[in-house]
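So that we are looking at the same thing, I have put the structure below in structure tokens.
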């Protein structure tokens, strides 16, 4: 992974900022809320809080012989999937652990924060661990997004339909219907290298892109409802074979969190149940649904390289560089109460919804995972997953870069994922 | 179900006592502890607290048109298995509900307590609902025992092995090795009728018993270890076919909660991990294991009627009637810190460990479940379960009667269940 | 198991008769038909043919050092469940074995027949193995019935609905509606001992029976349709809890093999699809359905001892002893083309349909399985099964005795099983 | 799909040839062999025989109003996965159908052959259906290969380990250890268009290939054993995360069909059990194993375009064009008894073993499936599968073209699949 040099003080300040932001977004949750694991793919909030701390303790502090680890069992309890570190507590049982309790986990966080921040006053320490520290902060920001997606799933499966936040939605701008078109070209893809990126965004390399068009807007709820009204969920010819099996087996007939009541479609959001608005981008869509919708619409999904190339070209054309104005994770938006649900104007490439691409998640030519346990971060998941691009309202603003590759299995729907068409 | 008449004031006082005792035994648990569902068969403590309250609200208060129900969704959320009342929230997902939170559930309990106790000041109200009130109290006492077995299971599956209580064990008296023998006889079985009993203990009827012997003591850990050392878990000829399949599939090689470390057997108790003591009665045994042990020992399990007849005969011989001195649920024992684990002297028929009988759980001749939803309490479970008799250290003292029939599937091990042999 | 002495020649002749009858009932089946395993509980016909032969080879011939076993792998391949004999080929994969082919299996049968019949010319040999020989013949007759039930299931799951036999049904006599009533009494149950019986029919012992009534007829299809029309499959209050779960999970809405087409009920029989006739006894019923029907009818199922007592009393009253006229397995009936499906007049206790009793399958007081591998024949299955009594049109006529105990899990429906009510 | 024009007579002759070849390779199988379905992914031979016939009947003959279909149920029974044609008999139950019997299926084949060959005498008929006829023949040849892989799996799971063919192996040439290297280039990939190809080989398009090397030889058994000896199956760091899960869950410790006995490795082949020879190419390897082996060896798998480019370049350099000498499906090889197992000299790109590539199976830019049901042939499977290239000893010789894309899920091992490394 590649990082840019910043002075130690700045890194300490970033560390504090990221860690505090985690505290802020979980402030309204009860100890019980932080226990829920509503499906195997999701984790309890308390686990996210502990695991992100475990990351700093395991990959940085434990290399210091002076450091006394907080609790010897935590090495096992909060290891997600790092075989090099050791055995892992079984993932589907994360929701059955009541101890350590939430208070204890906050103590654990403070303990690690103090140990780390004290050491970070020494420039040599920062230099030695800079790469891992930066990965650890980006890692925690990824888990901030997962906290939101996982608690949304947890609340959605509770018949009381609790709200995570109380404020009303801001209205969305309608879709423009425009398309961007590009001629055949060689494009550079992958991270250009001045700032942080993950290993899977490298090496930057040249690809040959055919002539293509890409929609200026995300597919909206209104457009998706036309697909539904046209029997989209009942016509096997629109679906991949595995997708059709999933539709049948799971009984899908609408995006996740939509429900039909009193002849109207509603959807569950972090602010509770609201009516589906036609102008909003459709969200909580699987790859299978995105692919079927595109087929129905006579279009296709973009490849990840088409998406990246278009994103870079459009950003260059754009006078107002969006990525500059981004501060902390979805920060202002959260304060103003109109984020964490698909409310931004359609038309953005980044920061509204993750967008499924047609590309299976694989290694770039010459890809090498970093040595050691951190090498397990990304590389070993390059199988049976699809790349999503763009970032969502729930993503950390600093993650909204053209080369960022998110990835999920084709049936995953609980992320903030939508559809952008290509042709 | 059959109950004896007591004055309204007495019933109110019993109501208060039982409800407060629930509060007492759960006092040391955190909100997170009360969330855990460590397997489908167990329920979160918060669910037990709400469901026992739901019982009084549903079967008594709701018949009063003046009563305003606490929350309309609770009817669905806290219904265990009463189809007559309506749909039920899926049992295996009880552990995924963080709302209502524990505080809210305690408010729910107080709301129902107040509504009920106020109405119980009217004698006619008590008369009209006396049977259901008494069932409700017995029901709550059953759930007090389940709270203990379920939290024990939850803690045992947590690598931190938390303790529920802190005090040391009282030493157990060694087994006597004696047997009680009875000649062929006609016995009366079933509840004699002056006090409360469940519908499944009726009608009292006459049975023909062959000559039989029954052990004066429960099988001890030391005896059970000899069975283990003699390859008891590796010899299919000792097991029922379904039992052997279970041994293979689950990898059983010792009672539940036993673990072999550093060449010694330890067992997890509500006071944490302790060494296995040879003199203690062996606990957390399935029917399959009890049956295999009996076959290995050249004996058999008693039928439920042999057990009941022997218990009545021995109680009659006993000058000091044990059932009289019993007050609240395991009350003194809990206070003295030596209960909730198998510590009493072996030799008791009642109050140490539930004892598997050879009898499948079925209806007595002429059995009729009560009309209405309460009819679903016992009768519909009379299939593929085995009867246990005697009550355990975790049972409410008022439940320790000879005719009481507990029942579990033959592979269940998380109850406080042991072995008494017959021949 | 208990057998009566007959001269060696007679036993050889019986052996030939039973083995040839197996050949006769499978004569119309193709090699492919003999391969089908349509569910885990059923076995391919080729397996039945080999396993019954394996029984004689394993338990009799192998004890002779002169005997050369046919194929060393057959010991493993055709062992059903005898752990004392060794490992068993996995049951659910019996249908995936094409070798040994059907021809080879017939050669195996002839090889064992010759080896055995030659040895049976020596009286000492017969004396030494008499018990096992007789068990082996009864065992093969049990498998003759299973061949019919299993091939019926196999054909029923084939969309071509092949017929096993071609002749038309004989009309059934209508039900009489009569009841037999008996006062409270002590009855002797279990096999009286002059002829062959299985170990599970012993020891004969005295039981105390309450006053009871038992229906003279089996429940008919017409009666069962009234249960269905009265929403019998949609009312949870009529069902055991496990039964209701099964109804929901399996989508049961009629007996096995019934199908509703063009507004009429039809049923699949060994002679193909025929209309459901109201006068016929209802067949292919699970314990759960029998129990639910009885509850709906305001009656109950008889216990196995009520059934046995009534059967003996009625047989004694009957001038024409049915058991005398019985020759080979369903022999005349098969020839006349009116057996192998529920066609006999209702009202018979024996030989029409197996009848579910309310009794869980358990050991009689003092029961001891025979020593050695044969001890695994019956005893280890005494768990979570229910006793059926009476025998069916597909049963060997020699098995139609009052003390015979058949047993299946409560959800089993592919046997020829029906309902007789008690009260 | 794209085909080249040949005169009607030639097509009839090809039709006869392909259909007869199916008969030839199944000639030694018994009716029972043709019934076996040893896992869900495999099909019974009888099903392959019927389904390939169904293909011609459904997609060609049924469009002729004069044609009388052989049996109306066959439309459902032998439909593999064409939703446009209608419902399909459930795939995992194909092995439970004994009817139509093998004889009947051969009659079905003759009936369709006659109907088709008669119509093929009319040039207009051939013209109208030429594309589908050619697809049908290629389809049948694909199933010829599946017949071999499926019967191999069936025989391997039978403890008798039957042989499909009796002749000895021809010795393999040792691997050369050479590598072919290519500089960065633009390559044309996809089918060039003069002869038949599948839709998924089109459109031909230009790709940008980085500098790369590709091994001249397939990985051998000897090399693979070094991976095994180096704990290859016990080191999670060598595996994709899903691969490691599969290794654990399935207990993999060697390629499929290998077994360790008496301190030696043997492997099951279509000629029975033989010792593993170090010089042979390793076969029956999953994508997961190929990927882990490559990581262990410090190499990687080639992309499908690297493979195709190298294959075309090497073929052009090769004076003796291998594809010209190819006649019928593995024809001479079969006659000479040295095919159907990995015996050819390593070093071939085509015709020895399928080779896993690093490429997920996806659509080429501008890909369009053909209209109608044939559009379901390839396109709907473009998800969670990996591309294999090259063809195996069991492949039809006419399929050995550089652009041919085979595809299987990453855990599939029962195909004749091996490993070629790249760097």
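Residue numbering begins at 1 within each chain, and the chains themselves are lettered A, B, C and D in the order written.
FYI, a residue touches a chain if its C-beta (ideal position, glycine included) is under 8 Å from a C-beta of that chain, and two chains touch if they have at least 3 such contacts.
None of these values were measured; they are calculated from a predicted model.
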Shared touch partners for subunit B + subunit C come out as none
Between subunit A and subunit D, the Cα-mean centres are separated in Å by 39
If you average the CA atoms of subunit B and of subunit D, how far apart do the two points sit, in angstrom? 60
Go ahead and note the Å separation of the Cα centroids belonging to subunit C and subunit D. 47
In subunit C, which residues are in touch with two or more of the other chains? none
Okay, what are all the chain pairs that touch? A-B, A-D, B-C, C-D
Applying the document's contact rule, which stretches of subunit C touch subunit B when the two form their complex? 81, 83-84, 186, 205-208, 210, 236-237, 239-244, 300, 358-360, 362-363, 365-366, 375-376, 380-384, 410
Subunit A touches which residues of subunit B in the complex? 30-38, 46, 73, 76-77, 89, 93, 95-102, 154, 157-160, 162
